[in-house]
Amino acid sequence: MVSYSVLEGVLPLLFGLFTLAMIIYSLRVFTSKSVSDMVLAVDALTIDLIIIFVLIGLYYKSPYLLIGVIPLAAWILILDIVVSRYLSKGDRK
Amino acid sequence: MIDWILFYIGLALTLLGGVMDLIASIGFFRFKDFYMRLHAATIGAIGGGFYPLIGLALIALSLDLDIYIKAYISGVCVIAAALIALTAPAGSHILARATHRSGEVVPKVVVDRIKEDMDKGDGEQ
Amino acid sequence: MRKAVSIIIYGLLMAIVYLVYTGVFSLVEIILSIAIGLIVAYIFAGDIITYPSKFSLSRIYHAIAYLIKYFTVIEARAHWSVMKIILSRNTSLKPAIVRVPFKANNPYTIVFVANSITNTPGTVVVDMDENKKAYYVHWLTPTSLTDDDAYRNISLEFEKHLTKVFE
Amino acid sequence: MRRSKSFLAICLITAISIVLILAFLLNISGLTTYGVNELTGLAKLFVLNIPDPTKPWSSHAFEIVTAILWDQRGLDTYFETSVLFLAIVASVALLSYYGRRHVHEGTGDGYTTMIVKVVTKLVVPIIAVVSASIAIHGHLTPGGGFQGGSVFVVAPVLMLLAYGSRFLSSRGFNELRLLAIRALSVTLIFVVGLLPVLYLLTHGTAYLFQNTYKPDSAFTYPYLIPTPIGMILTAGSIMIYNILEFFAVAAGFTLAILLLTREFERGDKK
Amino acid sequence: MMSLDGFLWYYIVVAILFTITCALYGIATKPHIIKKLVLLTIVSDAVYVLLVLMGYRIGATNPPVVPGGVLENPVFPSHKTIVEFMHKVVDPVPQVLIVTAIVIGLAQFVFLVTISMHLVKSTGSFDIRRIEGEKE
Amino acid sequence: MITLIMGAIAVTLALVSAILIVNEKDVLKAIVLAGVESVFFAIALAIFLAPDLLIAYIAIGLGLNSLLFIYALKRGERYEEE
């Protein structure tokens, strides 16, 4: 059995990596020109966020904070399909 | 012994995934075209999402926490990884298709077979 | 009859998903999982498994072998090449949208080949045509623009493995 | 264009600096205490009583939030569910007329491809199973009827978007049936809550939405059902409420989304 | 008096309050109805987070769930375990209130969206000035 | 400590996206940005230890609200005029 304190030493590094990626992704979201670009960055941001949720759950040693991960993963697909259906409304009229 | 092996494999996967996530987020700024950024988004989804989730599941299995905490965390991680591997390509595909069809962003490419085929289809009618 | 068998198989798969998500393997949970899995499969998944009689162990073996090969070798190579492009200051990229024909008939083969292509960085399926049997793939570093070369470079390997799994 | 961008940057910098300065001032002024180290009295009462089966006010539940929602504030939560029911009924009244000739149902053929359809078909059962797990374990792990129901809605929404509203109708999710499930579940919740009062009408007192034994009321839902295979924890009526609420919320939202999707698809080619 | 923990705590509070202020400004000045509704969701989200923050204690490590609950053969915690648990749990009461608030908020938004769809059907525009007839 | 820093970052990004929504002319973009803002508030909820809220909030604040707004937006005009 690996002691929890071993992980505790590495957790700040992991938090730092994924939080930095989160900040850069959100800068991309804020500065994007078109809607498609923004939604693409939102997808990547949300997948990054899923990992941050798991890391928070490991930090608090509480598995219950992970419960939101699966609806989050499913809503990415829904946002994609909704925006694409909105965008392609013109070509069928 | 097996716990340590699992732990180090998981840690390596997670760290590698973090680095790949960072590179993907830099790639979002480096690529100048929406269709090129799709490739960076793929790295963000698979390299920065799928691999770290598998790695974190392995880490959670190897720790000395209570058994229900370990089972819950690794189970959720594995299901989320499977969901991401299924839905991320479909999402970026449908987004790229709608963007190309509606003309929201015109691709900067050497050759565009979709446009060629659509023009040909219109000409025949 | 065929539909009932496919519902039962898919319901048992969903029962496994329920147990993995819950993380507790007691008797009550197993009974509950089977009940919920069957109900959900009856409502949502009536036609997922079309030919349950063609089930065989060699297909499962091929599926696992393909998954391991895909997520270790192919993905790693593709990730490395695209990450090199991002990190180098090479801005003179000439991407192309090429046509990649496919020969498979099974919808699962078609969809999973497309997902494999999109999941490897460097190639993204932008559009597909079911009648002409072709994907339209945005290729970051094209080596050749003809259909046959694109097929050989992009989707031949995936299609070779996945036809063994699904057909 | 350039001017608006610089205006935006100035806005952002001003806002963040105002926030920083205010936070600094508040911090050095020491006006209020932050992050108090003691729980308030009410919270202490709940935390000490709900998970402890020896206390008279216990709910025999591990999850404190759901236990408070359905046991201590049961009547309140019932009316909250009714508000949601009324909002959905109002939307139905505005958007639908049963027996209308031209119902706008699309197939979504021009918008989605085979890839999205097959992936949706594979993902939807996983979501449904997960939402059922969230609802059933509402008294043990975070979640409950409302949360499970709102996660379940992901499944019909995905099917609506990928296949169009005609497909969902053909799968048996029609308006009348969904509204019937919704109304029946809300009614059953009230019946389960009313049962203690009816049972103890002749002798003794009981409360609406009473769960377990209280010091001045003898009624109790059987919280531990002894069976040949072991003991199953249902936390009194909380699990029943959770499952009924799951059906109510899932059916109600599916109905609202179905009607709104028909409006969304109006004008598309059939 | 000055501590980094306290500074960060106040920073979070002030940032959420400022978010509410910005969203209220947008509701008052912008003409598009859907945008007003979007900003209204932001106000309600910020209020939820603010109330949850009121129940958070620095140093708490447990959500308000007693760990170890299973469906079959449950082992209830002893009094001592619960007292230990009480010292590291966050306040559950604001969370209960906000679950109710989320449900009511969703009901309100379903209804508002339905009404705005009917509004745009009868007037042809989402612009509040055009609906009121001030602008052509 | 590390959690409070994460919370501060999340809340700051939420504030930035709220300011951007107020100034945005394209309402579709504003709806997507509202989803992003919900994502950051969801991190804050996870850090302040509210899992019950988190799951309801993700399913509703992030998904259902943006879905409803995009449905409504399709019937009217997309851009806001001055």
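Letters are used for the chains, namely A, B, C, D, E and F, taken in the order the chains are written, and counting of residues starts over at 1 for each.
Just so it is clear, a residue touches a chain if its C-beta (ideal position, glycine included) is under 8 Å from a C-beta of that chain, and two chains touch if they have at least 3 such contacts.
Note that this is a predicted model, so its numbers are computed, not measured.
Common neighbours of chain A and chain D under the contact rule above are B, E, F.
Any chain bridging chain B and chain E, meaning touching each of them, is among A, C, D; the list is complete. Path length between chain D and chain E in the chain contact graph, taken as the least number of steps between touching chains: 1. The interface with the greater number of C-beta contacts, when A-B is set against A-E, is A-B. Each chain's centre was taken as the mean of its CA atoms, and the one lying most distant from chain F is C. Once the centre of each chain is set as its mean CA position, chain B and chain F turn out to be 22 Å apart. A separation of 30 Å divides the Cα centre of chain B from that of chain D.
Chain C and chain E have centres, each the mean of its CA atoms, that are 39 Å apart. If you average the CA atoms of chain E and of chain F, the two centres end up 11 Å from each other. Shared interface positions of chain D, defined as residues touching 2 or more other chains, are 15, 19, 63, 65, 111-113, 115-116, 119-120, 122-123, 126, 130, 134, 136-137, 141-143, 146, 151, 154, 157, 229-230, 232, 260, 263-264. Each of residues 24, 26, 38, 40, 45, 68-69, 72, 76, 79, 83, 86-90, 92-94, 96-98, 101 in chain B touches at least two other chains. Shared interface positions of chain F, defined as residues touching 2 or more other chains, are 12, 15-16, 19-20, 49, 51-52, 54-57, 59-60, 63-64, 67-68, 71, 73-75.
Applying the touch definition to every pair of chains gives A-B, A-D, A-E, A-F, B-C, B-D, B-E, C-D, C-E, D-E, D-F, E-F. Interface of chain B with chain A (complex): residues 3-4, 7, 11, 14-15, 17-19, 21-22, 24-26, 28-29, 34, 37-38, 40-41, 44-45, 48-49, 52-53, 56, 59-60, 62-65, 68-69, 72-73, 76-77, 79-80, 83-84, 87-88, 90-92, 94-99, 101-102, 104-105. If you check the complex, the residues on chain A that touch chain D are 64, 67, 70-71, 74-75, 77-78, 81-82, 84-85, 88-89, 91-93.
Note for the complex: chain E touches chain F at residues 4-5, 8-9, 11-12, 15-16, 18-19, 22-23, 25-26, 30-32, 34-35, 37-39, 41-42, 45-46, 48-49, 52-53, 55-56, 58, 60-65, 90, 95, 98-99, 102-103, 106, 109-110, 113, 116-117, 120-121, 124-127.
The touching residues of chain F, counted against chain A in their complex, run 2-3, 6, 9, 13, 16-17, 20, 26, 28-29, 32-33, 35-36, 39-40, 42-43, 46-47, 49, 51, 54-55, 57-59, 62-63, 66-67, 70, 73-74. Chain B makes touch with chain E in their complex at residues 66, 68-69.
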